[in-house]
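What follows is a set of notes on a single structure, which appears directly below.
Chain IDs A, B, C and D follow the sequence of writing; residue 1 opens each chain.
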Amino acid sequence: MFGEYSLGELTSIFVMQGFAGLILFSVFLLMALGLAIIFGQMGVINMAHGEFMILGAYVTWMCSTFFHGYLPALVPIYFFIAMILAFLVSGALGVAVEWLMIRRLYKRPLDTLLATWGLSLILQQFYRSVFGPREVGVELPQWMLGSLPVTDVIEIQINGLFVMALTTIITIAVAVMMYRSRWGMQVRAVVQNRVMAGAVGINTEKVDRYTFGIGCGIAGIAGSAFTMIGSTGPTAGQLYIVDTFLVVVFGGAASLAGTIASAFTISQAQSIMEFFLSGSIAKVLTLLAVVGILMLRPQGLFVLKVRR
Amino acid sequence: MIIPPNDPQKQFVLAVEALTVSFDGFKAVNDVSFYVDENEIRVIIGPNGAGKTTVLDLICGRTRATSGSIKFRDMDLTKMSESNIVLAGVGRKFQNPSIYDDLTVFENLEISFPRGRSVFGALTFRRDAEVRRRVEEIAETIFLADHLDERAEFLSHGQKQWLEIGMLLIQDPDLMMLDEPVAGMSVSERKKTAELLHKIIKNRSVIVIEHDMKFVEDIAHRVTVLHQGKVLSEGSMDRVKHDPRVIEVYLGH
Amino acid sequence: MVIRSKSADDTAFMKPLEIVSILIIAALILVVLPATLDAFRLNLVGKYLTYAFVALGLVLCWGFGGILSLGQGIFFGLGGYCMAMYLKLEASSVANTKIQSTPGIPDFMDWNQLTELPFFWLPFKSLTLTVILIIAVPTLFAFFIGAAMFKRRVGGVYFAIITQAIAAILTILIVGRQGYTGGINGITDLRTLQGWDIRTDSAKQILYFVNSGLLIACILLAQYVKRSKLGRVLVAMRDKEDRVRFSGYSVANFKIFAFCLAAAFAAIGGAMFTLQVGFMSPSFVGIVPSIEMVIYTAVGGRLSLFGAVYGTLLVNVAKTAFSESFPELWLFGLGALFIAVVMVFPNGLAGIYHSYVDPLVARLTRRRPAETEQPLHGAPAE
Amino acid sequence: MAAMPFAGLAMPRTAFAQAPATSAVNTTGLAVTDTDVTVGILHSVTGTMAISETGSVQAEKLAIEQINAEGGVLGRKIKFIQEDGGSDWPTFAEKAKKLLVNDKCAAVMGCWTSASRKAVLPVFEQYNGMLYYPTFYEGLEQSKNVIYTGQEATQQILAGLDWVAKEKGAKTFYLLGSDYIWPRTSNKIARKHIENVLKTKVVGEEYFPLGHTQFNSVINKIKLTKPDVIYAIIVGGSNVAFYKQLKAAGIDLNKQTLMTISVTEDEIDGIGGENIAGAYACMKYFQSLDNANNKQFVSAFKKMWGDKTVIGDVTQAAYLGPWLWKLTVEKAGSFDIDKVAEASAGVEFKQAPEGYVKIHPNHHLWSKTRVGRARPDGQYDVIYETAELMEPDPFPKGYQ
């Protein structure tokens, strides 16, 4: 298929394709981070993860409408405010959900799956009733649109760069929180031995609640960022859920490094196959490969071998 | 300090040789060898984290060895599935009582009865006179004859331990492995358990992990002391008790 | 030995109360509903009852075995597609399709420039082969999934997510390969079964009874499995998988069996669905219907075979009633149902029955408690 | 469990003076009384399709209200029963059956996706109902019991391709689509036309699963092959992702010609006008259409449903449904389905917002095809329309 193109053209395309792979990687990672915290650290299956993302997207849309209508001067920076608000709103909803629902179900992971599925249905209908069944369009500030021309052919998408930067920052923040902060220590302590952690004075309920809240908050940020590249509608959250879970599970739930590696592997595989094959087939092959590997390595790519 | 087989031709029930398992570089069991005779009661002692339970896990196939061999009669257990190891005649009781809470005592024992253990065997399994007789006989032995209809969930801790022993017993294994059978029991329950063990160890080899030294002394033919994944000492209780290294790491404090 | 335990005698295939329960169900779906509902509503109930097959299978594999599959739609769909392929071939006789460029093949193939029947359609020219394949294809597929996963000890949440991914893959494939599968429209416009018009009201009535008969047969089969030692091994496995393994059972084989049986039930339901509704589409294979089917089981009580039927009927009747009057509210209701059944009534209708109705009946009839049905209300799976 | 018919809005009573006797106009037991007649509205108001179908429901309700205000049909006020298809095809079939069998609706306005239409079609044929189906679709279908008020694929596609070949001198095309029957069939027709009629070239053809959100790889392929025209038939949420990513990748639609047949003003609402400005859409109706009928229609629609609502091709086609039915019933002088079906051919609607439509004997509509160019404010500028009405041809020779 490449016979008719010059070497220069091919090189440029491969550079851009590599960049496309990186964007996909960032997107996958951003989707999966919140879930990796919730599922990996707490063992909770949050089927409403996509709906928390969409909540962030709706918050962003509301900000966009508000700033364009009332504070046009601040439009160039509204996106940052929107992301912070998205984090807070989704996080707050997460904390409430944990308090009302999840905390009673820690011993029954499969049941949390069903309960959060119910939650996702309720949230979808809520969005439909409040924001209407149609998709809403988020108007981005001018500087986030378009691309930077590097050569004649190679162009780097600004929103792609933005997503990559955001993903990097959030990943580092999560890593620092998990492995350097007191809170992270407490979370890991609770994960490993709930009773003991309680006994040494850790408020396990509070740790659970905020862990869940932070996971949901990150989902909100992801949703906010995805308004740049995807759609915002009541059912848009469902588009992400299978991919997200596969990334987390494939990475071997418990480790951040695993999630990163898995997002990287899946995104590269998909992006490369999409280039050489048709979109549909690429998707099927990627999913099949992930499922196949999970069957061979049920604990995911990265997991510590321990005495059971 | 490992006692090598005096006679290389001698047939042991269990021969563990150079057994090693490492978890991400950490050697939980390191080059362990020991041999169990017919009808021998072997007790494994050692401080927490010495690798005692891991050794049992390795024998019954729950954990796979990194290297080394485990021979049960003529079979190499390291290559067999858990269920085949059981079918070969190795039974194992877990540290925490591992019974089926939702089933009655009768059903608990019945499930362990060595018949109809394939899928279609289980579908066509009949609760005939022989099953009933065996179950009732075992229940009598483990002091639960009056509790056959009770859901296992409602048994006391000690009774649960006995039930699990009963579940092993009904399989009639050649090699029985008990992980802390008296842990968490009251004094009177302990006594009864000792009595029970004495009754059931006839005609089979037994490996016991135990912390209670009085109890160990009471039943052990030979004792193996593990420390940090290695065999520290082996021999009669008397001899082990006086081994200075053992005193230092274990009995001393 | 003189000790006689009640358990020891308890070898009957059904306890008296279970016989009563099944008679009530049989009376309800074979007599009461047909007598009181018009043809349209009865056909609807018939459609709902096809989902009850799936719920029944889930009781065995999820309730008893602790294996939550979020991909039962796969098997429902495969069973339904097998049936639909047969009916479509019958509907695509050369006489019926003479306006096509290639007469004698299904219309959607013609639209996609296929000029001959793909090889995997050929077996569906025979009714006998079709009936065999309706069961065999989904069961074998379940066997392969099960063997691959359970032998490697994939369980719990991982299994749930992987089955979900497989459902997603299958949907994309069916939708994308439309020349072979009918694509997103599914296989539609099915008319006759061996010349017998399945679209008439009388045919639908007959199919309703066939469906109900099959459902009762499946309940009896499930009851047999539940009452056999295999049923107890499944419960035991859900409690203490390792203990079962160390009692000499191959846990994986038992799980595969439960999963395959559930798949076979689902497939029968799918085939009956196709017959009664007259088409099959990929919208049953996907994630959403698969999870909805789990909720039928949960509402009925995940440990109750009879509950599966009631749960399915209740949820679907509620869905129809709600969406006729308040379509916007239905999703709130369904969502709340998911949450309530998990948080407040983990044993569903059967649990409510056992905790409220049963004691009441016992008091009224002054039976001694020892004779009442001993519910198996353990902690919910996992 | 009975549904609650939502009565039409208040209306002048005087209009029902000269109504013919019910026994004469309704010989088959439809829900027709001396004062009113019941029709069904069957669309998804929940689930993924609610996004698209909302506009259709609104348009149908508007048409019914206007008809009632003018005196109804054969002197009878239209009442409607609305059912929710829930974006689920079997539910559509179930509800269709309910509307026909239980509620005896004289006509049903409904469905959006081909899949839902395929699911209800046997129901309408078996129970002899009348369906007015509004969406542009792939063709290959024709039924006595359906009036297709949207365009079939050749009507929509051919004129647009001719235009782009002539005006833009396009020689190479890249075909894209969501992976299901409508885009695939439409692209098939487009490819035949491009290769056999225009004698130009297709340099790529690709499909994505419904709901796909990552298009960077295909955008790179497009950059590599540099087609003169991107021909895109992507639907739903994927649309939004596709156009946003296209714009971000630096493809300026003012320089790169892109033609779509799937993006109406409704979709632009979600995509954002600034992301798609410059693209060409080819369909029969745009909200900005400049004629008196349309101005009236747009202002009535906005009055009823709010200033911010937009009207796309399908919404307009849905609006035609109740009107065409009314005109047909009055032409036939009867509500009987058979008579309505028979009388349909030749019915003309001169007040159609799109200008003028006429029902063809094959139950599709004669209509003009137009090309619009997307503006940043989410509207289209109509830049071309066919001189003649396009004849509907659901089974096009040479395109199969």
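The definition used in the following text is that a residue touches a chain if its C-beta (ideal position, glycine included) is under 8 Å from a C-beta of that chain, and two chains touch if they have at least 3 such contacts.
Keep in mind that this is a model prediction, so the values were computed, not measured.
Asker: Expressed in steps between touching chains, what is the minimal separation of chain B and chain C?
Answerer: 1
Asker: Mind having a look at which chain is the central one, using mean CA positions?
Answerer: So the chain sitting closest to the middle is C.
Asker: Which chain has its C-alpha centroid at the greatest distance from the C-alpha centroid of chain D?
Answerer: That would be chain B.
Asker: Could you work out how far the Cα centre of chain A sits from that of chain C, in whole Å?
Answerer: Spacing between the chain centres: roughly 34 Å.
Asker: Centroid from C-alpha atoms only, then distance chain A to chain B, rounded to Å. What do you get?
Answerer: That gives a centre separation of 48 Å.
Asker: Can you work out the whole-Å distance between the CA centroids of chain B and chain D?
Answerer: Once rounded, the distance between the two centres reads 74 Å.
Asker: Rounded to a whole Å, what is the gap between the Cα centroids of chain A and chain D?
Answerer: It comes to 36 Å between the two C-alpha centres.
Asker: Of all the residues in chain C, which ones touch at least 2 other chains?
Answerer: 172, 176, 328, 331, 379 - these are the residues of chain C that touch more than one other chain.
Asker: Identify all positions of chain B at which a residue touches two or more other chains, and write them in rising order.
Answerer: Those would be 62.
Asker: Note the residues in chain A that touch 2 or more other chains, in rising order.
Answerer: 125, 128, 238, 280, 283
Asker: Quick one: in the complex, what on chain C touches chain A?
Answerer: Interface residues on chain C, with respect to chain A: 68, 70, 148-149, 152-154, 156-158, 160-162, 164-166, 168-169, 172-173, 176, 287-288, 291, 294-295, 298, 328-329, 331-332, 334-339, 341-343, 346, 379-382.
Asker: Which part of chain C faces chain D closely enough to touch in the complex?
Answerer: Against chain D, the touching part of chain C is residues 39-40, 43-44, 47, 99, 101, 107-108, 110-113, 172, 175-176, 178, 183-186, 188-190, 199, 277-279, 281, 283-284, 320-321, 323-325, 327-328, 330-331.
Asker: Quick check on the complex: what are the chain A residues that touch chain D?
Answerer: Chain A residues touching chain D: 5, 9, 13, 16-17, 19-20, 23-24, 27, 125, 128, 132-140, 145-147, 149, 153, 155, 157-160, 228-236, 238-240, 270-271, 274-275, 278-280, 282-283.
Asker: In the complex formed with chain C, which residues of chain B make contact?
Answerer: Those in contact with chain C are residues 60, 62, 81-83, 86-87, 91-92, 94, 98-108, 110-112, 114, 116-119, 122-127, 132-133, 135-137, 139-140, 145-146, 148-149, 153, 164, 167, 171.
Asker: Help me check something: in the complex, which residues belonging to chain A touch chain C?
Answerer: Touching chain C: residues 43, 45, 101, 104-105, 107-115, 117-122, 124-126, 128-129, 238, 241-242, 245-246, 249, 280-281, 283-284, 287-288, 290-291, 294-296, 298 of chain A.
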